[in-house]
Amino acid sequence: MNLAFDLLLIAALLWSAGRALTTPDLFRAVVLFIVFGLLMALAWARLDAPDIALAEAAIGAGLTGALLLDALGHLRGPVRRKSGLIAPSTVMSSEGAGPPAFPTYFLNGLAIVLAVALGLALAGALLLLPEPAISLPREVAAAMDASGVAHPVTAVLLNFRGYDTLLEVAVLWLALLGVLAVAGGRAPGRAPVTPRSARASLKVPRLLARVLAPLALLVAGYLLWAGAHQPGGAFQAGAVLAAAAVLLNLAGLLPGGATPRWVLRAGLGFGLLVFLAVAAAVMGQGVLLQYPPAWAGALIMLIETGLTLSIGLTLAGLFLALSGASRQ
Amino acid sequence: MLDPLPWLILLPLFWATLAFVRGPGRGGRLAVAGLLLQLALAGGLARQVAGEGERVYAVGGWGAPLGIDLAVDGLSAVMLLLAQAVALPLAVYARAYYAAHEEGARYFWPLAGALLAAMNALFLAADVFNLYVTLELLGLAAVGLVAASGGAGPVTAALRYLMATLLGSGAYLLGVALLYGAYGSVSLSILAPLLGADAPLAVFLAAALMLLGLMLKTALFPFHFWLPPAHGGAPAPVSALLSALVVKASFYLILRLWLDLFAPLATVAAAQLLGLLGAAAILWGSLMALAQTRLKMLVAYSTVAQIGYLFLLFPLATDTGSVASASAIQGGVMQALSHGLAKAAMFAAAGTVILSLGRDDIARLGGVSSRLPLTLFTFALAGVTLMGLPPSGGFTAKWLLMSSAMHSGQWGWVVVMILGGLLAAAYVFKVLRQAFLPVEAGTQFKPVPRLLEWPAFLLALASLLLGLRAGEVLGLLGAG
Amino acid sequence: MSAGLLYALAGAALFAFGVAGLILRSHPLRKILAFNVMGSGAFLVLVGLGQRDGTADPVPQAMVLTGIVVSIAATALALALARRQREHGNDKEERDA
Amino acid sequence: MTMDLSALNQLLAVFLLANLVLALWRVTRGPTPADRLLAALLFGTTGVALLLLLAHAGGGMALVDVALVFALLAAITGTAFSLRAWRREEDDERP
Amino acid sequence: MSGLDWLSAIFLLVGAAFFLAGTVGLLRFPDVYTRLHALAKADNLGLGCIVIGLLFQADSLAAALKLVLVWLLALAASATVSFLVAHRAWRRGIAPWRADEPGIRRHDES
């Protein structure tokens, strides 16, 4: 029974991903990709990874989908300059759309053959893979009581491999920096003016946004608190917060904009600063990110709260910076 | 006193975040102060390694398989010194440069801080998945810096650069996934002893994927297509940072993986292939540089060429006896150091010329020798290192590589190196010749602040002094 | 053929799809979709291989959480660049027209 | 029939997944762009039901939280679909 | 299987039947408006029955209430999105299907 479910789900995953990359119509490609993201959440549920299913659902369905759909409105139409990665025109001449030096189909064919060969080689390699020498789950279980939390994934994320998470929060903050630098480069465009007729259709989403936004806040708080002993945590909570902000923006209740004032900048940097401060403070009596066992749980909760706020603001900022700066 | 190892990562993140919170365009003084402290820390760390040898730092106190380890040995200490030594003068240069370009400076300092934090974290990391996160942090920071000026050219170049670096990171990540599947750990110190020549197919695939991903990020020929528009189109301080440091980080990673993790899998055939690609990069990059009409594109293609020298060390160091391989590795690292310093100086000098002249086509550089003597001298000094003339660091590097080639009887690489040196001379003198022509009618030279010319000169001088003090640096390299 | 290995094989196929898509397609939005598919494939291989014996392994799951946040960051930056590139294209068109 | 409840949940989960895939195929093939918007609806109902069944078929109560997030976010993707992606006229030349 | 389990099984099967009805409706109906009926009505009812069926299996009141909350949320989302889709389809000029003129027509042209 499980096998039937897995095989059907994998077939759906491969179908939706394949169609998303091959269908000529861009809107259908984005829809198929969002379907792929949601099917991935089901796959993570099947792989006993509820934390990832939560993150994939909140980030895949909520944010990536909204970002892509919002961008779709601006990116339709033919591509003027051939910006293919290894498309012949870029390999031979550095100025973009020069005449392709040798026929494109030769290169496309080569790329497809290479991709298929890679896929087959990977499949073969995976099937012949021996059992791993080290079993990390045993190590995690052994060290769980000293980690300060009850849920293994949160323990790995915030304590055992907390340094990865510190750098990853910096990556997210950095992406927003890049988006602000690019999108905010000029005066933000007028807020998207919705014609009177469309405004009538905004009444319903406004009602929904007013109901769902506080509920999303509640769910985010629940996920943050739950992270200590069951799947949840800062990323999923932050993503739900950001999804609420996206809904408010879509309903016209929250303005976009790519030039945050200092209060918002402080909020955006807050999570990273808290993490850095805790990482540095604990060095007083130990190594980087070595929480004193008695305080581990409290410190992790403090960091997670700061992260939820900053990740929520940053993920929302990624959407709002783009939607606010769009010229209608 | 501060333990240099963790603070080299935390410090740049601190001042980058503070610069962001203080608002667009702010953070210049903060950055220079931070970098001064970082240079001191890097020096302290180098002395520690020279004294006590390699040092492992278990983050969170958990130790190898469970937690993440940071490790510093001679190679990483040297690269850390290079990163801080190039970044400090460039920070001073950038403050003067952006005094004239208000628009471009909006988020330069937070992005540059994040870039440096990523560099330091990468040089110190000893965990393959942690290396993936640092590579991603480095890639996004570099793309952000290229695109920050917002012009049409840089944005297109940044998008292509981002796609190339994401393809590289994806391949690297799949390699990490295969390694974890095969051995159950991602820590270098745990994986290295487990990996033997009899490794399963998946490990060979992982090695190929990881190295291919990193070659894409190092812009080794034929994956160099994204570098010239990105480094050529970006503002001068950004191009200097990228050409001098960012491509070196992924090269350092290839060297680290080739020497430590994948040593048993490293076949002579693969090494020869890397050598051939390096040779092709030298010839192709130099020829394209010679053909360029715009100054910064010439310097960008020169980067593509000089990266080729770095990859010559692989055929010279694989199964060629301990003496030849040691000298080849020292030559490669010395080339990375001297090129880092010289290329930063050259891009900075080019930036000064363009800022003063208002245009960047090589044919109309007349009068630069009389109006901007120090900048032209800096450009020439940096050219000396690129050409590999004594007593510059470039000469020491090429000499070590050549002696290794002669020792192991691979004469082909010697010919390539000599050809590369001649071509480098060609494109450097092409610029110098134009600069000595009389001033073109009707061109005004905007006055240039001193703080713009002296940091570039300092960098060029350092690339020269590196040649004279090579013994000390190579000693540190051997220590770890 | 445990569930973990099955999903790892699916991940390998998705990775191949993603790489082919990233190289072949020229529209920036399609490259972004391809990059995300490639990332999901790599994550499936990472978790799938870690759980070939059926027991949930928290370490690759934490790594994939980190990876998902990294890929949304990269996707957002790529979208911002693509939109800015299109706006420059439109400006050039208005100037040419 | 000695079928206990969790086996029934598992069986229904497979049945719902088949339903979902069939419906998704039809929706994404649908002629007008409006049909494709229905995909968001599908996940709001079938996806949530599927997760609830999996949760009670041994997948663990955490999947109920995932279903909660699914339901919460189904509205967002659907709203984003209809409000933002579908503003340009040329969508209709190919109904 | 105790009495409660039978009750739960019955509700689950009824719910599945409604989902089947929704999918068949989606496949058979000719235009977007009718398909909205299939999806919005049948599937939500199916979800409701499944939630009720699972209520019997819930081990605590909190878990049961959470299930009901999920259902209410799904209803709210489904209602909003159905309205928006139908509204946008009409604004875009897609005419409802008519037996005498099958095929996709525009109502603002005729």
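Order as written gives the chain letters A, B, C, D and E; numbering starts at 1 within each chain.
The rule we apply is simple: contacts are C-beta pairs under 8 Å (C-beta built on N, C-alpha and C of every residue); 3 or more make two chains touch, one makes a residue touch a chain.
Owing to the predicted nature of the structure, the values given are computational and were not obtained by experimental measurement.
Asks: Chains shared as neighbours by chain C and chain E?
Replies: A
Asks: Out of curiosity, which chains are bumping into both chain A and chain D?
Replies: Under the touch definition, chain A and chain D have E as mutual neighbours.
Asks: From chain C, which chain is the farthest off, judged by mean CA positions?
Replies: E
Asks: What's the chain with its C-alpha centre farthest out from chain D?
Replies: The most remote chain is B.
Asks: Looking at chain pairs D-E and A-C, which one is connected by more C-beta pairs in contact?
Replies: More C-beta contacts join the chains of A-C.
Asks: Report, in whole Å, the distance between the mean C-alpha point of chain C and the mean C-alpha point of chain D.
Replies: 21
Asks: Measuring from the mean C-alpha position of chain A to the mean C-alpha position of chain B, what distance in angstrom results?
Replies: 30
Asks: Could you put a whole-Å number on the gap between the CA centroids of chain B and chain D?
Replies: 48
Asks: How many angstrom lie between the centres of chain B and chain E, each centre taken as the mean Cα position?
Replies: So the centroids are 58 Å from each other.
Asks: Out of chain D, which residues touch more than one other chain, so two or more?
Replies: As it turns out, chain D has residues touching two or more other chains at 33, 37, 40, 61, 68, 72, 74-75, 79, 81, 83, 86, 91.
Asks: Show the residues in chain B shared as contacts by 2 or more other chains, in ascending order.
Replies: 129, 133, 136, 140, 143-144, 147, 150, 155-156, 158-159, 163, 167, 174, 178, 180-181
Asks: Send over the residues of chain A in touch with two or more other chains.
Replies: 2, 30, 46, 48, 51, 72, 81, 83, 85-86, 122, 126, 129, 136, 140, 160-161, 164, 168, 171, 174-175, 178, 182, 185, 198, 201, 205, 208, 212, 215
Asks: Determine which chains touch and list them pairwise.
Replies: A-B, A-C, A-D, A-E, B-C, D-E
Asks: In their shared complex, at which residues does chain D touch chain E?
Replies: So the residues of chain D in touch with chain E come to 3-5, 8-9, 12, 15-16, 19, 22-23, 26-27, 30-35, 37-38, 40-42, 44-46, 48-49, 52-53, 56, 61, 64, 67-68, 71-72, 74-75, 78-79, 81-83, 86, 91-92, 95.
Asks: Residue numbers of chain E touching chain A in their complex, please.
Replies: For chain E paired with chain A, touching residues are 73, 76-77, 80, 83-84, 87-88, 91.
Asks: Of all residues in chain C, which touch chain A in the complex?
Replies: Against chain A, chain C makes touches at 3-10, 12-34, 36-37, 40, 43-45, 47-53, 55-59, 61-66, 68-70, 72-77, 79-84, 86-87, 89.
Asks: Can you tell me which positions in chain B touch chain A when the two form their complex?
Replies: 3, 6, 10, 13-14, 17-18, 20-24, 57-62, 65-68, 103, 106-107, 110-111, 114, 117-118, 121, 129-130, 133-134, 136-137, 140-141, 143-144, 147-148, 150, 155-156, 158-160, 163-164, 167, 174, 178, 180-185, 190, 194, 200-202, 205, 222, 225, 228-229, 288, 297
Asks: Which of the residues in chain D end up touching chain A in this complex?
Replies: Listed in rising order, the residues are 7, 10-11, 13-14, 17-18, 20-21, 24-25, 28, 33, 36-37, 39-40, 43, 47, 50-51, 54, 59-63, 65-66, 68-70, 72-77, 79-81, 83-88, 90-91, 94.
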